[in-house]
């Protein structure tokens, strides 16, 4: 259970605007940081979280490794909502696990403003037969603390305050690969689209990655989705969950 | 072992031009047709084949289903060459099997000339950390037999002989997602690019889908890559392969 | 619940001096003795106890065996306080259980005045990323009853009254392995150090034994931390703890 | 199976000098580097390898993660030889796995020349009841390529060619924690000691970490020592090992 | 609560002689008889009872079955007093339950005058580390009603009035197995011994059946010591015991 | 699997004399000694072993602790043979585990020549409804190495070579508590008796400790009879026993 004033504030925002909010954050547990997605509902409730499974290159020095116990898919009046964050969206086995959970509204918060990211989002929409909503941050150098508190890669070439650090590119794509909104590279913005869930049915008719277009006789994916902890206290396990088995 | 005059002719072409030739064909075995890729080397030798694992929608009426006993990856002086054909390129588990075999030059013959296909090719290049060479046919109505021998979807709206049936779009993409040649939609053409295998190393440094960016502890893919046949004659099996076990 | 005049006296001392007191004692329950650590708070309250899990060589004749139902870690304004006693500090699985409980101030009362003990304390500090406070007794022959009430190992070589029986060596070490106070081998003494809990964060950044530097996918420790009793009376169990399950 | 000219050269050296050689190296498989220990015997044979389980902080950007399928312990005329490399020696669960395999001669190649490392080696010797042989590199700035090919942490403060980059500290310690040779911080050197395996028996009499001083009833370590691979080809598995089960 | 003139009379006797009285009786509740032990204190108070858990062979025709809600152990100035009656003394699990309650003065009223009974009493003393006081009745044929009111086993061989029906054998044994008084087979008699509770400590030092010589990790006894009744009136239960849970 | 020249020699003796041989030995595994019983059959085969569960007082310094994975009961033409060794015969829960396995011929090798031991053997025979065969060693001071290689308790009062160190007392008892042979205290000897298994049936008619005279509704014994090991290698587990579950 994640808690704290930041979580409360995000929950309040979701409740105030009566929206489902899917938000990338940095989570701290004990002495480790995680790249995490939080889910909130229109009633202002915190629903749960997903932790990034594998930190990307330099992140591995700072961020912890998630496991597959946190890839929730929430059944909502809008459709089934799930999320992967940042470059783990490139992991075909992890995406397949999310597809198998029936994701219909696939949220992909990121910090990647490249041309290739746009291609991946389009690919994922048709591969998964789902709507893809990728929110990317738009920020300038001045949005970060000044040096020496925060140092960009090369200390001798400190960018100008107005220079763009991450160019955005938020986008919404349909299950047949049609871009419904964005990509927006113009600055902070709100993009939106009306989603017709019937599109999913039509797309899956042609290609259903975990249905008629799978080949479970020859290709099967094992997803070990229990919580990974180095130490199990049997008393805690019993209290937490009577049915849970030790590994 | 595939044999016949068409195979011989393709082999001779590869030998004459001293090229590796990766070619999409329609294979006939007994009473079943398969969508198949053939591989030839610069010495004019037939190397082997890959059969499309899963026919696409209407194809299922005509084509047979492949298995994973035919996803060869050939180690060549140019790099490791493999291939998936048509929409099976959308199958994340099958692609991952090919990545695990170390494919460096990923050939994707297709008949899909859509915008989404281009996005998928770019995605696969970065997902797999490999060069993607997608050859798509360019053809007009007149390239097929006239009706009633060959009927396009709607018999009452027979296209004009010059109308484009498939628009091409052959393309070559680098492991970092840069388009090196194409996509060509202008008609029959030969496209080419110089491939620097060092690009693969640099791309894998950031994202290695079956290496440092995999999570084999929680996500593992089982590939049953033996030959699928409804009837096994034990004597034939012994002859063919002393080590092969029955499934 | 441990009670008695000795416990009251220790509690009073903790209250008078407004200190957390972590004290090695010999506990007697029914007909068995245990090597035990008691915890008291600055309000003069007895907090609880830890029983040594495994008696050392000759001790096994006299002392009972603890279980893992008593490895408390107390959250205090000074940090999280826990303790192992004597040679069980050498047990890597037991230490890991304490690390998993988040110990920040690791108390290790002992009777081992060897050079190797000092090395172990330094190792534990960096292994666990915690402050280690090891209090060792300093005592002379005359502090024990005279023979024949109390006999040292060799009855024919009774030590002189002033001879040192245990040489002390109390020490305080930081999470990065820096000795902050001691080791004191000069006689009875009080050693102290100011502990900066931020040191723990900095040390865990490099090595977090139950966090980013663990590998729960391949190495997992099961801690059966229920109370071990040869006979369970169901009525007593119900009264003591509604949630507790029989083994 | 690891192969290559460097392996051949090391094997030849072991054969020439009729020694067991335990050597830290950087291994390259596909596109990933591993921090690895190689084992050779006096006949000049390559015996096998151990891959570092968890890269340390910045290493995680470059080196891959090992698994527990490679913690060999070799029964030799000198005793049972095993090895952990660098900071994974700090992992109590991993050490315990090695102890359980009966290691008698525990080799710990490292690049850590700190005072704390010496304490850890002494601790491990008594914790494991084994001889610890820790070989640390001694190297100067000039032993690395000159900038810009190789850059030390701060490019503006390039060290002088003669400045010490890693100060060594190779050491040999007995199961009772006695330093038999070293630590040597004087430069490149060969240190040696005569090992009396009877020392192990005497040390284990007092403390046997996986024997009489363990508590398997309440603390048990699960070691998942199969090979971790993201993709399993069933044909390859059958060929490699008839008994091996898929995960 | 047991009441009646016989109970009053026994209580008065205990009070008059200022003794703890432990007495085997036949208890009648509703239409069922029980083989029961009654406890009285030197103040002439009835303390409580123990009902024989399991009737012996032919007894099962007449006597009811007890449960484990009545195995009291009374803390008295003489030590902790408990009792099992007749052949249930042979039940190792039931004895262990009594040991776990800390019995120090183990009373075993019986009607077994065999040689084997003496062996069992001696065994129980050392097994339980307690004093065993076994009172056996001495009676002749004439102590029972004459036939046909009371018939011994074989009606045609009615014993002579003076013939011994049960030969006694009352005995007092120390925790180390030393016979302190008896066994008396000479007729009605009063036997007595001085009990040194320090004997228990010395015996338990070597063998403590529910302490250091138990193995609760692998052998644990569950004692369901609630009252067994075929019908529970919830209102009655609430009145009797607010804390008691239904089974 | 236990192996070695001593085992071979004992097996040969059993085969030569065509007897079942149940023999107390000292077993060595890794660095730990166990007090163990070995079983051999008339064909000269080693059948298996039982390790003493709990060492007795001073033994705990030297001998390891067994678990309940080794309490075999062998079905033989002579009846079902099992064994406990030395003072663990005093453990009522452990005996009950053996009774539950159906032991008919209960072997109790020991080094206890006391009067109490004889009582316990008689008690066990009637408690368990089985034949008890207790073999005790007869030895003199001279049967041990001379000092200083072997020192009896008090070095200053070295016994005379002919003085009896252990007086024997081997005995065979029937299920109704009748002594069939022995106890022999006269020196080394062979004692024997003819066993009528029908005796067991007759004894159990009156008292069946794990049958009609048990009360499983209120007293139940949990026997955790898996192997206790501090470290589990999953690969070894799979190889050894496909059905075995990890703890």
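Per-chain numbering from 1; labels A, B, C, D, E and F assigned in written order.
By definition in this document, a contact is a pair of C-beta atoms (placed from the backbone, for glycine too) under 8 Å apart; a residue touches a chain by one contact, two chains touch by 3 or more.
Model, not experiment: these values are computed from the prediction.
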| item | value |
| --- | --- |
| Pair from A-D, B-C or D-F with over half of its contact pairs in common with B-D | D-F |
| Equivalent interface positions on chain C and chain D, same or different at half | same |
| Cα-superposition angle relating the copies chain E and chain B, to nearest 5° | 180 |
| Computed distance of Cα centres, chain E from chain C, in Å | 44 |
| Centre-to-centre distance between chain F and chain B (centres being mean Cα positions), rounded to whole Å | 70 |
| Between chain E and chain D, distance of the C-alpha-averaged centres to the nearest whole Å | 65 |
| For chain C paired with chain F, centre-to-centre distance based on mean C-alpha positions, whole Å | 38 |
| Chain B: positions in contact with at least two other chains | 96-97, 205, 214-215, 217-225 |
| Residue ranges of chain C in contact with chain B within the complex | 217-218 |
| Contact set on chain A toward chain D in their complex | 57-58, 60-61, 93, 222, 230, 247 |
| Chain A residues touching chain C - in the complex, by the definition given at the top | 30-32, 64-65, 228-236, 238-239, 246-247 |
| Residue numbers on chain A that touch chain B, as the complex places them | 53-54, 56-57, 65, 67-68, 87, 90-97, 114-116, 118-120, 122-124, 126-127, 176-177, 205-207, 209, 213-215, 217-225, 228 |
| Of chain D, residues touching chain F in the complex | 69, 96-97, 99-100, 102, 129, 200-201, 204-205, 208, 210-212, 214-217, 219-226, 243, 245 |
